[in-house]
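Look at the two complexes coming up: chain A is in both, with chain B in one and chain C in the other.
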Partner chain A sequence: MKQSANGLLSRDSTKTVLASLISILIGLVVGSVIILLVGLADPDLSLSSAWEGIRLVFGGLLSTGRDAAGALTFGFNPTNVGNMLFRATPLILTGLSVAVAFKTGLFNIGAPGQYLMGTAASLMLALGIPSETVPTGLIWCIAFLGGILAGAIWGCIPGLVKALLNINEVLACIMTNWIAANLVTWMFDGSDFRNLVENTKSGYIYKTSYNGVETAKLGLDKLFPNSQVNGGIVIAIVMAILVYILMTKTTLGYELKACGSNRHAARYAGIRDKRNIVLSMAIAGGLSGAAAALYYLSGNTEFFWSTYQTLPAIGFNGIPVALLAASNPIGVVFTGCFMSMLDIVGLQLTNLTAYNEYITDVIIATIVYLSAFSLVIRMLLSGRKKHKTAVSVETASAAGPVPAEAAPPAEAGGPETDGTEEKGGEAT
Partner chain B sequence: MRNMQAENIIEMLHITKEFPGIIANDDITLQLRKGEIHALLGENGAGKSTLMSVLFGLYQPEAGEIRKNGKTVRIDDPNDATALGIGMVHQHFKLIEVFTVLDNIILGAETTRMGFLQKREARRKVEELSERYGLKVDLDAKVEDITVGMQQRVEILKMLCRDNEILIFDEPTAVLTPQEIDELMATMREFAKEGKSILFISHKLNEIMAVADRVTVLRKGKCIGTVETKDTDKQSLSNMMVGRPVQLEVEKGPAKPGEVVLHVDGMSVPSRTHRKRSAVNDVSFDVRAGEIVCVAGIDGNGQTELVYGLTGLEKTSGGTVTLCGHDISHASIRQRNRYLSHIPEDRHKHGLILDFTLEQNMVLQKYREPRFQHLGFIKEGEVRAYAQQLIEQYDVRSGQGPITVARSMSGGNQQKAIIAREIDRELPLIVAVQPTRGLDVGAIEYIHKQLVAERDRGRAVLLVSLELDEVMSLSDRILVMYEGEIVGELDPKKTSVQELGLYMAGAKRAAEGGESA
Partner chain C sequence: MTFLIQQTLIYAVPLMIVALAGVFAERSGIINLALEGIMIFGAFAGVLFVNLTQQAGVFAGAKEAGNWVALQGFELLAMLVAALVGALFSLLLSFASVNLKADQTIGGTALNLLAPALVLFLIRVIANQNTLQMAEGDAASWFMIRKSTLGIDRSTDLGFLGETFINRVYLATYICILLFIVLSIILYKTRFGLRLRSCGENPQAADSLGINVYRMRYAGTTISGALAGMGGFVYALTTANCASTGDVAGFGFLALAVMIFGNWKPLNIAGAALLFGLFKCIAASYASIDINGDGAFLLAEIGISPHFYRMLPYIITLVVLAFTSRKSRAPKAEGVPYDKGQR
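Moving on, here comes the complex of A and B:
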C-alpha cells in the first residue's frame, strides 16, 4: 500500500499538479504580503483592513459583501461564480491555443494577434449581416466560425514562415501581433469596412447585441442569477474536450505530438513535419479566434476600436493558463477558471475594501513568473525527495534516464529484475 | 598482502545500491591500484554505470564504504569527487555544442583575473597537455563541428586540466573508429605509466584484453570476480560476464543472393558542412535479396549521408535510386518507407521519440494502417496488443511493458525495440546503421542473429558498420567508403582486416574502380 502511495507521489502528473498548486499558492501569498505592506504603509488603511483584503484574496469568489455590522460575509455567491465562468471562457480558449502549440513544440505568443483578428471577423459578421433577413442564431454561428477562421489564418502565417523559411515562430508571432493590432484599428477606424457595421455602431462602441446577436444563455443565467454567464463556457469546455481527444486519441494528434517531441524522428517515420507545424499553428490560431468570438458575441461586451492600440491581455494570459495546466487541455479549463477567479477577487477588493483591483494584477504577474518556474519547482520536488530518502521509490524515477543501465523506473517491481537479466538469454 | 593494500588508491568496499525492484549493486568490492588500468566488465544493466555513479557521487549507496589511500571518504556529489581527483568521461559527452573546444575545456575551472577570462594561459596549458599526450584537438572549433573522436579527446583534456589522478572512462570506445580506439589505448597506457589510475568500463573483450591489467566482472549487480588479464582469455571472460557460453562468432551459411532489390546509380548527396563538396559523390552499387552488403569505412566518410540519401532524410543532388523496381530518387520518406526498414544510426535522434511510450514508438510508421486506426482515431487496444506481441517476440525488457516511456529504458533495450519494430515491418530492404553500437555481447549476438535470419528469409540487408569485426563476420559483400566514394568492393572470405584497413584509410583503391575515372 505504501508502495502505491509512493508510486502516486512519484508520478509525473502528480508532480505537475503539485508544482502548479505551489505556484498558485506562492502567488496568493505574495499578493497577501503586498496587501499587508500597503495596508501598513497607507494611513487610510489599517491592519484589520489588510486582514480583510487577505481574506478576500483567498476567498473572494465566495464573498457575499458585508453584513449590517460591516464585517465581511462569505457564502456561495452565484453572481461571482457566473461572472467567473463568463470571464474564464476566452481564457480557456487562448490557454488551449497556447497549450496545443506547446504540445507540438511551438510557442504561440501570437495569441493576442489571432484573438484580434477573430474579434474583427466575428464583429463584422455579427454586425454586418442584416438581422431582418437572416435569423440571429445563424448569424451567431457564421460569426463564430468566421472568428475561428480568421484566427486560424492569422496563426498560419507564423507557421508557414517557420516551416518554409525556418524563422523562429516567436519572432513571427510578435510581428503578426502588431500587424493585427494596426490592421484592426484601420478596419474599424479608417477603412471602408467600417461602413459595413457603422449603422449598428453607437458612439465608438461595437456591440453585437445592437444587431440582436448574442450567445444563448442555456439556462445558466437561472443557475447563476445576475451574472454575465452564457453558453460560451459550455462551448469552451466542449472545445477543451475535443482538443484533448484530438491530441490523445487521433492519428493527427499523434503526428503533432511526434513532431513536437522529436522532429527528426517524426521525419524519419515519414511524418510531414512542415505540414504539421502549419497545422498546429492554424489550430492554435483558430482557438484564439474562438476565444474572441465567444467573448464579443456574448452580448454583454463592447468593443472600442481605439483601445486596440495595445494588444489584448486575454491573448497573453493564455500563456500562464497553459503553463499552469502543463499544457493539459482538461487542466486548462481549471486554470482558466482560476485566472478569471482572480479577476473576480480584484472586483471584490475594489467594491468592498479601499484596495483596488491592481493587487490581483500583482498576483497574476507573480503566478505568471512562477508558472514559468513550475518546471523548476517540479525539479525541486524531485530533487528534495532524492536527497531525503535515497532508498525510496522517488529516486529511481527522479534520477530516471541518466545512466542507461542504472535502474528501470519505479513500477519495475515484477518478480524479475528486468534490467539486470541476461540479454538474449532466451535467444539461444 | 599488506603491501597490496597500500597500493590501492581507491577501494569501494561492499557497495550496495538498490533501486525499487532491483538491486543494481549487490555487495560489490572493487579495488583500484595506483597506476593500473582496471577494467569493469559486464552486460548492459549489470551495474557498471551505477557503481561508477556511486564513485562519482551521483548516487549514494545504501551500504558499503569508499576509501581513498586507505582513508574512508564521503562523496556526496561530483564536486566531492573532483576534489578527490576523480574525473569521469561519460558515455554521452557532457559538452556544450555551441562553445569552442577551448571554452569547453576550461568551463568550470576558468582562470580569471579581476573577473576577466585569462584564456591565453588556459590555452597554453591545454596546448601543452594535448602535445604531451598526443591528444590532437582544434581548440577554436566549435564542438558541434568536430568528430565524436575529437569530442572525446576534449573530455579527456578536461580531466587532465583539472589534474585528476583517477580517471573513469565510461564505454569510451563505443563511438570511436578503429584508429581512434588504438590512439585512445595508447593514451591510456601513457596515463598509467605516469601513475594515474584508470577505471575502464567496457564490454568489448578485445579492448580489455589489449589494455587492462585487471578485470572485475559484474553480472546482475553482483561481483563475479576480479582476474588478471594475463591469466584469462576472451572466451572465459565472456562466459563470466554472461553466465553461459557465448558464441563470439556469427554462425551463418552461405548467402543465396536473389534479384536486385536496391539499385543505386551515380548517387550524390550534398554535404552539410562543406557547401561545395558532396558528402557522397557519384556512388553506384546494388543490394540483392538474401545478402548482407556491408558499407565499411572510417566514421565521417559519407556513410551517414549515403543512408540519408537512400532513406530520404536528405535530398540527393544527383543520380537515381531504384528500390524494388520503383524509382525513389525523389520520393517522400513515407513513400520510401513502404519498401525499406531503417535502423537508424542515432537511436535517440531518429529511432525513437523518447517522451513517447514504448507502444507509441512501436507504431511509429504503422499508426496510419487500418489495423491501428479507424477514421483517424487510434485503436489503443490494437496498438497495445501489437506492442505486447513485439515485446514478447523480440524480448524487449522495460519497466512497465508497453506503457514504459522510451527514455527510461536501457540503451540496449531501446535498440532492441527499434530492431523489433523495423524487422517486423517485413519489408524487402533493411538498412541497418551501426545496429550494435554501444551494446553488450549478448545483445550484439542477438542482433546479428536477427539480421542473418532476415537475410535467410530473403530480405536484402544493407549494413553500415564501423566495427571491423562486425564487417568481417556478418557481411556477404563489403563496400568500402572513403571520402564519399566507394573505393572498393571486397569479399570478406578473400580479404583480411589489414587489407580492409588500407582501403578505409584511402591508401588503396580498387583497380577496376571505374567511378573515379
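Moving on, here comes the complex of A and C:
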C-alpha cells in the first residue's frame, strides 16, 4: 500500500499537478496578503473587511451574497457555477491554443489577435446572413466555422514569417495583435452591425440573438438556473479531447511535438519543420477563433467594437491557463475552469466588498510567475522524497511547457493591456 | 514642421531609452520581456510620487513663485523615483532568471501581467477610479519649458531651431538623450561594459577570467529596469499628461522591436526609434500635421482611414523585420540560464 502511494508521488504527472497546485496556493496567499496590507494601510477599510476579502478570494465561487445582518454567506450557488462554466468556455479554448503552440516550441502570444479576428468573422456571419431564408442552426454552424477559419488565417501570419523569414514569433504575434485590433475597429466602424436600435449602445455590436442565432442551452440552464451557461462548454471539452487525440495519437501530433523538441533533429529525420510551424500556428489560431465564436455566438454577449486601444484579456489569459496545465489538453479544461472561477471571485469582491476585481489579475500573474520556475518546485518535490534517480530523470525531461530550443534572437511578450477591462462585457 | 519634430521626439525618446534598457539586459544574457510591465510600474510610481508631493504641498511655493528651476528639479526627482521603482521591480525578473534559472520568457510575461493588475488595483484603491492623475494642475503648467518660463517674451521669434528645441519642451526629453549617449559610451568604452557584453556572448569564458556572471547579469537587468521605469514615467509625462492608467499602449513591445531592428547597437537603435517615433506621431496626429506650413493638412486630405494610420507602425515593424531579420545578430547566450558546471 505504502509502495503504491510512493509510486504515485514519484510519477512525473503527479509532480506536475502538485507543482501547479502549489503555485495556485501561493498565488492565492499572495492575493490575500495584498488585501490584508491594503486593509491595514487604508483608513477607510477595516481589518474585518480585509478578512471578508480574503474569505471571498478562497471561497468566492460559493458565495451567496450577504444575509440580513450584513455578514457574508456561503453555500452552493448554481448561478455562480453556471457563469463559471460559461466564462471557462473561451478560456479553455485559448488555453488550448497556447498549449498546442507550446508543444511545437512556439509561444503563441497572438491569441488576442486571433480571438479578435474570430470575433469579427463570426459576428459578421451570424448577423449578416438573413435568418428569414436560412435556418438559424445552419447560420450558427457557418458562423462558428467562419470564426475558426478567420482565427486560423490570422494565426498563419506569425507562423509563415517565422518559418520563412525567421522572425521571432513572439514579436510577430504582438504586431499582428495590434494590427488585428485596428483592423476589427476599422471593419465595424460605420457598419450596420453596430447596435443603433438601443440608445447609448452604438459602441456595441448587436447580440447575435438579434438575428435569432444563439448557442443551444442543452438543458444546462435548468441545471444552473439564472446563469449564462450554454452548450459551448460541451463543445470546448470535446475540442480539448480532440486536441489530446491529435497530439498524442496521430502522426501529425508526433511531428509537431518533434519540431518542438528539436527543430533541426526533426528536419534531419525527414519531418517538414516549416510546414509544421505554420500548421501549428494555424491550429492555435483556429482554437482562439473558436473561443471567440463560442463566446459571442452565445446570444447574450455584446462586442465593444472600438477595440483598437485594448486587446481582449481572454486571449492573454490563455497563457496562464496553458502554463498551469503544463500544456496538457485535458489539464487545460480544469485550469480554464479555475481561471474563470477567479473571474467570479473578482466579481464577488467588487460587488460585496470595497476591493476590486484587479486583485484576481494579481493572483493570476503570481501564478504565472511561479510557473516560470515550476521546475524548481518540482525538483524540490523530488528532492524531498530522496529519489536521486527521479531527480536526474526529472531534470533531463524538464523542458516543461517551454520551448527547449534556446530562445531565438528576437523576443517580446506579455499583454499590453492585461486582464483589465473586458470590453466585450456581457449584458444579460 | 516644428510640431512634427517635437511630436516625433516625444514618441521617439521613450522608445529609445527603453530600447536601450532592453540592450543592457540582453547584452548581459537576460531576455527582458518585461519592459512593458516595468514601464507601467515606473509610470505609476512617478505619477504617484508627483501626486503625493503635490498633496504635501512641497513644491507649491515654487509653483506660486514661478521658480521653474525648482519645478524642473521636482520633475527630475520624479524620474529618479520611477527609475528606482523600476529597478526594484526588475529584481523579480533577475531573481527568477539568474538564481532560479527559470524560463525568462515566462518570467517576463508574468511581470507584464502583474504590473497592470497591481497598478490598477492600487489606483482603484487610492483614487477610486481607473486613472491616477496629478493632484493639481497639469503636466504642461508644472513641467513644460516655455519661452515665458525662460524669461523670454512670448512674441519673440527664436528662429526655427529655438522654436523647436527650446519652446514647449520637457527637460526629461533631453535628460533621456543625454543618458542614452552616456550609457552607450559606458557599454562600449569601459571595462564594465566589456564585461557585461562578454556575459551575454560567452558566460563560461567570462567566468574563467574571473568575472562574476551572476552579478553582471543582475547589473544588466537592474540598469534595464531603472531605464525602463524612467522611460515609462517620461512616456506618461509627455504623452499622457502625467497620468497613470495601467497602460503604456504597447510601447514596451515596440521598444523591443526597435531594439531588434537596431541590431542591439545604440546608434542603430536611435535611428530606428526616430523612424518609429515619426510613424507613431503620424498615427496620433495625422489630421493636424502641416508638413510644409501652407495650411493644407495633406495627410488628412488624402482620405485614408485613421485606422490605417494607427495600424501603420505595426505593419512597418513587421515589414522592416522581414527585411532585416536575416542580418540581425542577437547576443549569443541570451535566454540561456548560466550554469557553472555546463560544458
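Going forward, the second predicted complex is superposed on the first by the 356 of 428 C-alpha atoms of A that agree within 3 Å, B and C clash if a C-alpha of one lies under 4 Å from a C-alpha of the other, contacts with A are read in each partner's own complex, and residues count from 1 in each chain.
We take it that a residue touches a chain if its C-beta (ideal position, glycine included) is under 8 Å from a C-beta of that chain, and two chains touch if they have at least 3 such contacts.
Owing to the predicted nature of the structure, the values given are computational and were not obtained by experimental measurement.
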Partner chain(s) touched by A:362 [first = chain B, second = chain C, both, neither]: second
Which of chain B and chain C A:254 touches, first, second, both or neither: first
Contacts of A:262 with chain B and chain C, given as first, second, both or neither: first
First (chain B), second (chain C), both or neither touched by A:107: second
Chain B versus chain C as contact partner of A:166, first or second or both or neither: second
Touching partner for A:270 - first (chain B), second (chain C), both, neither: first
Doubly contacted chain A residues - partners chain C and chain B: 400, 402, 406-414, 417-421
Touch list for chain A against partner chain B, complex: 249-252, 254, 257-258, 261-262, 264-272, 390-391, 393, 395-397, 399-414, 417-428
Complex interface listing, chain B residues touching chain A: 18-24, 43-50, 53, 58-60, 62, 91, 219-221, 242-244, 311, 313, 332-337, 342, 344, 349-356, 360, 364-365, 367-368, 373, 376-378, 380, 395, 397-400, 404-405, 407-412, 440, 442-443, 445-446, 449
Of chain A, residues touching chain C in the complex: 34, 38, 42, 107, 109, 161, 165-168, 170-172, 174-176, 178-179, 182-183, 185-186, 189, 308-309, 316, 319-320, 323, 355-356, 358-359, 361-362, 364-366, 368-369, 371-373, 375-376, 400, 402, 406-421
Footprint of chain A on chain C - complex, ascending: 31, 33-34, 36-37, 92, 96, 100-118, 120-122, 124-125, 130, 246-250, 252-253, 256-257, 260, 305, 307-308, 310-311, 314-315, 317-318, 321-322, 325-326, 328-330, 334-336
